[in-house]
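What follows is a set of notes on a single structure, which appears directly below.
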Amino acid sequence: MKKKTMSLIAVALTAAMLAGCGNAGSNGSTGTTGGSDAPAAESKAADAAGDAQEEAQAPVSEGSGNFNEFGWEVPEETLVINILDAAGDYAPTESEKVGEANVIEYFKEKFNVEFNIQHISGDGTEAVNLALASGDYPDIIRYVPFTVMEKFVQMNKAVDLTPYMDTLGTNLKKSMGEHYPLFLDGDSKLWYVPSMMGSIDDFPDYSAHIRYDEWQGIGSPEIKTPDDFYNALNAILEKYPTTPNGESRYAISLYDSTSPVDLCGFWGLKSGYDIDDEGNFTYWAFTDAGKEMTKFLNRFYLDGTLDPDSFANNFEQWKTKFSNERVVGMLGSWWISYNAGHEVWQSLDPNMPEDKRFIQIGFKSEDADAAYLSAKNFLGSRCTIITDKAKDPEALLKFIDWQASELGQALTGWGIPNGTPIGDTGETGKFWDIDEEGNWSVDPEAKEQLITETWDYEAEHYWTGVPWLFVNQSRWDDGEHNIWPNQMWYSENKWKSMMLDNLSDTIFDSSAMSLRVKSDDIKMAEQAVKDAWQMNWSAAVQANSDAEFDAAWKQLQDALNVAGIDKLEEALAENYKTNMEKLGQ
Amino acid sequence: MSRPFYIKQTKSGKAFDAFNLVFMVIILIVVVYPFINVLAISFNDGYDAVRGGIYLWPRVFSLENYKFVLEDSSLLRGFFVSVLRTVIGTVTAVLGNALLGYIVSCRQFAGRKFMRILFLITMYFGGGLIPVYLLMTRLGLVNTLTVYWLPSIFSAYYMLLCASYIQNLPEALFEAARVDGASELRIFSQFVIPLSVPMLACIAIYVGVGHWNSWFDVNLYSKNGTWDNLQIILYRILNQTNAISKMTDSVMIAEKMRGIQPLTVRAAITIIVVTPILMIYPFFQKYFVSGMTLGAVKQ
Amino acid sequence: MVEGIKKKAGHCWKMFQKQRQLWLLCIPIIIWVVLFAYVPMYGLLIAFVDYIPGMSIFKCNFVGLKYFRDFVLSPVFLQLLRNTLAMSLLGLTFGFAAPILFALCLNELKEGWFKKTVQTTSYLPHFISWVVAGSMIFMLLSNEGIINDILMRLGLTEKAIPFLTEGKYYWVMYTLANIWKGMGWSSIIYLSAMSSMDSELMEAGAVDGMGRLGAVKHVILPTILPTIVVQWIIGIGGILNAGFEQHLVLGNTSTQAYWDVIDTYSYRYGIQLGYYSVGTAVGLMKSIIGVALVWATNWFCRKKLDTAIF
């Protein structure tokens, strides 16, 4: 009896375990196949799509001839688009969830297009790698890093888009414009569309910051050079030595993501490199400009006016100091002094004088041709691929190409037109209107709110949320509109237009510099170079004497040499020269 | 188990008691203060908290942080998944490891060394993320609750803890039962389990908290969101704030950062996660103080 | 002779008969461990090939020990090894002893609310994420932190001591932070082990005039010794694990030369760059060293302490 129970239990345990897997198996497999066996619109094109792409000029699937007001040819059969969104860190708020549902509904109704979107809440790159390893991915993957995209291509798992670019992809090709050759691989083939390309080349990213009211308090001295900036900060410190709470102040405070690569822009380097006329690259730590930049910070350190925690602060800790008015000046992205400065002050005290804020300014070293602060890379950093799982890649590409049209971009970035309910509030909201004929206009009220910075960004979520398979941030042909509702009409906002005046000549096109195809060695060298300056640069900034500075500088250079900076410089130069050739310059 | 009455108190003993008391008070402060600090921050207004200087109580009281976190509609469902996962995962793991611990501590079992080594190897060698992910996909465990508990029933570490505890139990008791013709499972359920309650409670705490806090496997295996637990939802909220502060390239992000204050929201999340454990722990704790009186069986 | 073998075989069979129940119970467990732990181990081969996700491991280019060699010969290897060993040895001594001492002290407290409170709250730091812990440590130790403020007011130092930005303070800070965070949590295991203490032995000792120190030495410590040994052997096996998240939170660029350990390196080069082969090779190397150390320690403990884990 006992023996029997024993064996029974053993068998039961084993069986239960296997059953656990088995049951789950059937559930799981229906779950995973659910994505791929969804009906594709034009299955007859599927055969043509597979290996035959090379034959090029594949016949465009005949459409319904029924165009909606957005210029989209509504298909007879519902077009199902299965998307893996690999942007990662997906954490929608309630309003964003509702917004996405609203948009999906809108597309179903007006476009006869159905979206199935799978989001990733953790690291997106890892998710794409796992998807690739397990073969479990849908028709379209959005926001794929270039290195992973290459793996898809290498294994024949991405669809070659080159043959379609002059037929189905005209809007896409037009958006890529003069940069089109830079998107092609060594064999002049296009395997992807950028998930987000272009950039607003009339608006800066990086700047120096100074307290506006205090700068006026010392007589608004002109700031053209690093020395001017140094003197102005010290003059302010002298006049306003403590905060309202009586704490001491610093001329400059940095935080952990401050990079010497960005700082060198003030001394005339481009993204941390000196590029000579032949297109050869020299890393900042081996240039006079880089040394000058480090000495500039060292000067504050020796004066005791550099925040001693500059290399220990993270953004939050730095923000605490900044919002307590402990900092007079700053070098960094334009928005940080908004976020940590007057936006905090105004929300705590609505009557705060308008001038109590930081303004964004530029300066350049006398030896430099110009300051290169904002590197604008038009190529984008991630891409969207159509995978081998797609039964009808042409139909998918047709949709992506529609998204590249002006109305496509408008619907993508500006959201649903003509009014959408804002949750349960009973109110509706919109950014723009469109009529049956496709005549559109921006809602004047929305424009006014954006200019006066009273726009409700929370409500906006209710009418936006379409998957950004292809997005071009650049301004449209009219030179005014682009996909970001709040990045238009700068000149009508006092502070933004001041920022533009100060910094418009610091923006440069860095597309040709961007190295996207990297060998393993180069990837390793890139990381090692970053490690090397991280471990050694701060010692130079915090040197107590000239001798100490020189020793630290030497050590930095040695570490960079060991890390393989020469390999990196060489690869960048070669890539740059090729790209310049492609661009015909 | 404190000093029993029958051990006499000496002068130096008294001095030690006094010192010990002071020592414990210091530890208490060091250990509780950060938690109180987090609690205070979680009830503070987000913008005001940016300026720092909040120590024991909130400066500008606000419930917004909790509102922000609790507004998530999927939270309740996630809570139930978490509870389900924790209960199933803990019960199976405690029973599994206790059984395994018993098997490998049976002195007369020839296979005990084999079993120990079989499991010890798994402690140091694993295939890494990709093969494990492929295995789960092949077994069809993606999008199931099973994937949370089945692969973590047994663990070499808990096996060793159980074994080291069971070794201390009187062997004679089991031998006597065997002579009486009791089956191994019966010995396990009638003698080993009741006598090992403190160690099982300890493992239950460790395993239970592990299941309660886990989010990484949920991120991998809960693709359609059916089995999203509380932690993954909180992790997303946490990373939303992180992800925004990571981006730098547009006006949109700068505007998006308005309204979300990572510090206070994170504090609220910490409190929400810890509170259930804080309430359950004393229940387990009572098992640690029950000493054993074995009486007659001890040789 | 034949009789002997028969007898032996008979004996074996008898033994098996006797242990059959236990073997039967082992079957599902063995199936489990093979399926969930041993099957995925083929993934270790990734360390020896130039792995591309999506391609079968067996089809990838075989590169032998390239990734191992690259790692050991990389210019930062010695620095990584120094940091890893220094911090994990500090952890294995101070970090290891702290929860044991704490459990012993707690055990000496009078039964009552105070003891319960200390015990219940001692594990709270375990639940505070490193990010939050990091911001508190910043509050304490930064140049304007509370500690520097006190030191300067007392006149013990003229200029603030850069605890956070000078490498030489890092290891101590790391060890203390780990003790603070893990002491209460790790002591749970010793507290539960203590409850298997034999009260008869205690009474017998008391009759013989054993004092409190004697009770600790002769009754309590022997009771928890197997647990301590298990923890110790496992700890030794993890000697090349010297924290990960802690460093990303507590460390900064000016102390990187002191906190960069094998795990942070393999994360940057293996995971972040998508180099699964590098990550796997480093992990495998750590495992082999860990197993060798466990084996040696186990042998030593069996000889000297008569307790072992296998």
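Labels for the chains are A, B and C, by order of writing; each one numbers its residues from 1.
Just so it is clear, a contact is a pair of C-beta atoms (placed from the backbone, for glycine too) under 8 Å apart; a residue touches a chain by one contact, two chains touch by 3 or more.
Every value quoted in this text rests on a predicted model; they were computed, and no experiment measured them.
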Most distant chain from chain B by Cα centroid: A
Top chain pair, ranked by how many C-beta pairs fall in contact: B-C
Chain A and chain B, separation of their C-alpha mean positions in angstrom: 38
Chain centre separation in whole Å, for chain C relative to chain A (CA means): 39
Whole-Å gap separating chain B and chain C, where each centre is the average of the chain's CA atoms: 16
In chain C, residues with contacts to at least two other chains: 21, 25, 32, 53, 135, 276
Junction residues of chain B, two or more chains touched: 52, 130, 134, 150, 183-185, 263
Of all residues in chain A, the ones touching two or more other chains: 3, 6, 9, 17, 126, 129-130, 133, 316
Parts of chain B lying in touch with chain C, wherever the complex brings them together: 1-4, 6-8, 10, 13, 16-17, 20-21, 23-24, 27-28, 30-32, 34-35, 37-38, 52, 96, 99-100, 103, 106, 108-111, 113, 115-128, 130-132, 134-135, 150-151, 153-154, 157, 160-161, 164-165, 167-169, 183-185, 198-199, 201-202, 205-206, 263, 266-267, 270, 273-274, 277-278, 281-282, 285, 287-294, 298
Sites on chain C touched by chain B in the complex: 15-16, 18-19, 21-23, 25-26, 29-30, 32-33, 35-44, 46, 53, 102, 105-111, 114-125, 127-129, 131-133, 135-136, 139, 180, 184, 188-189, 191-200, 202-203, 205-207, 210-212, 215, 223, 226-227, 229-230, 234, 237, 276, 279-280, 283-284, 287, 290-291, 294, 307, 309-310
Residues of chain A defined as touching chain C within the complex: 3, 6-7, 9-10, 13-14, 17, 125-126, 129-130, 132-133, 135, 145, 147-148, 151-152, 154-155, 157, 256, 308-309, 311-312, 316-317, 520, 523-524, 527, 531, 534-535, 537-539, 542, 562-563
Of chain B, residues touching chain A in the complex: 47-48, 50-52, 71-73, 129-130, 133-134, 137, 139-144, 146-147, 150, 181, 183-186, 216, 219-220, 223-224, 232, 235-237, 239-240, 242-243, 245, 248-259, 262-263
List of chain C residues in touch with chain A within their complex: 21, 24-25, 27-28, 31-32, 52-55, 75-76, 135, 138, 142-144, 160, 162, 164-165, 252-254, 256-257, 260, 268-269, 271-276
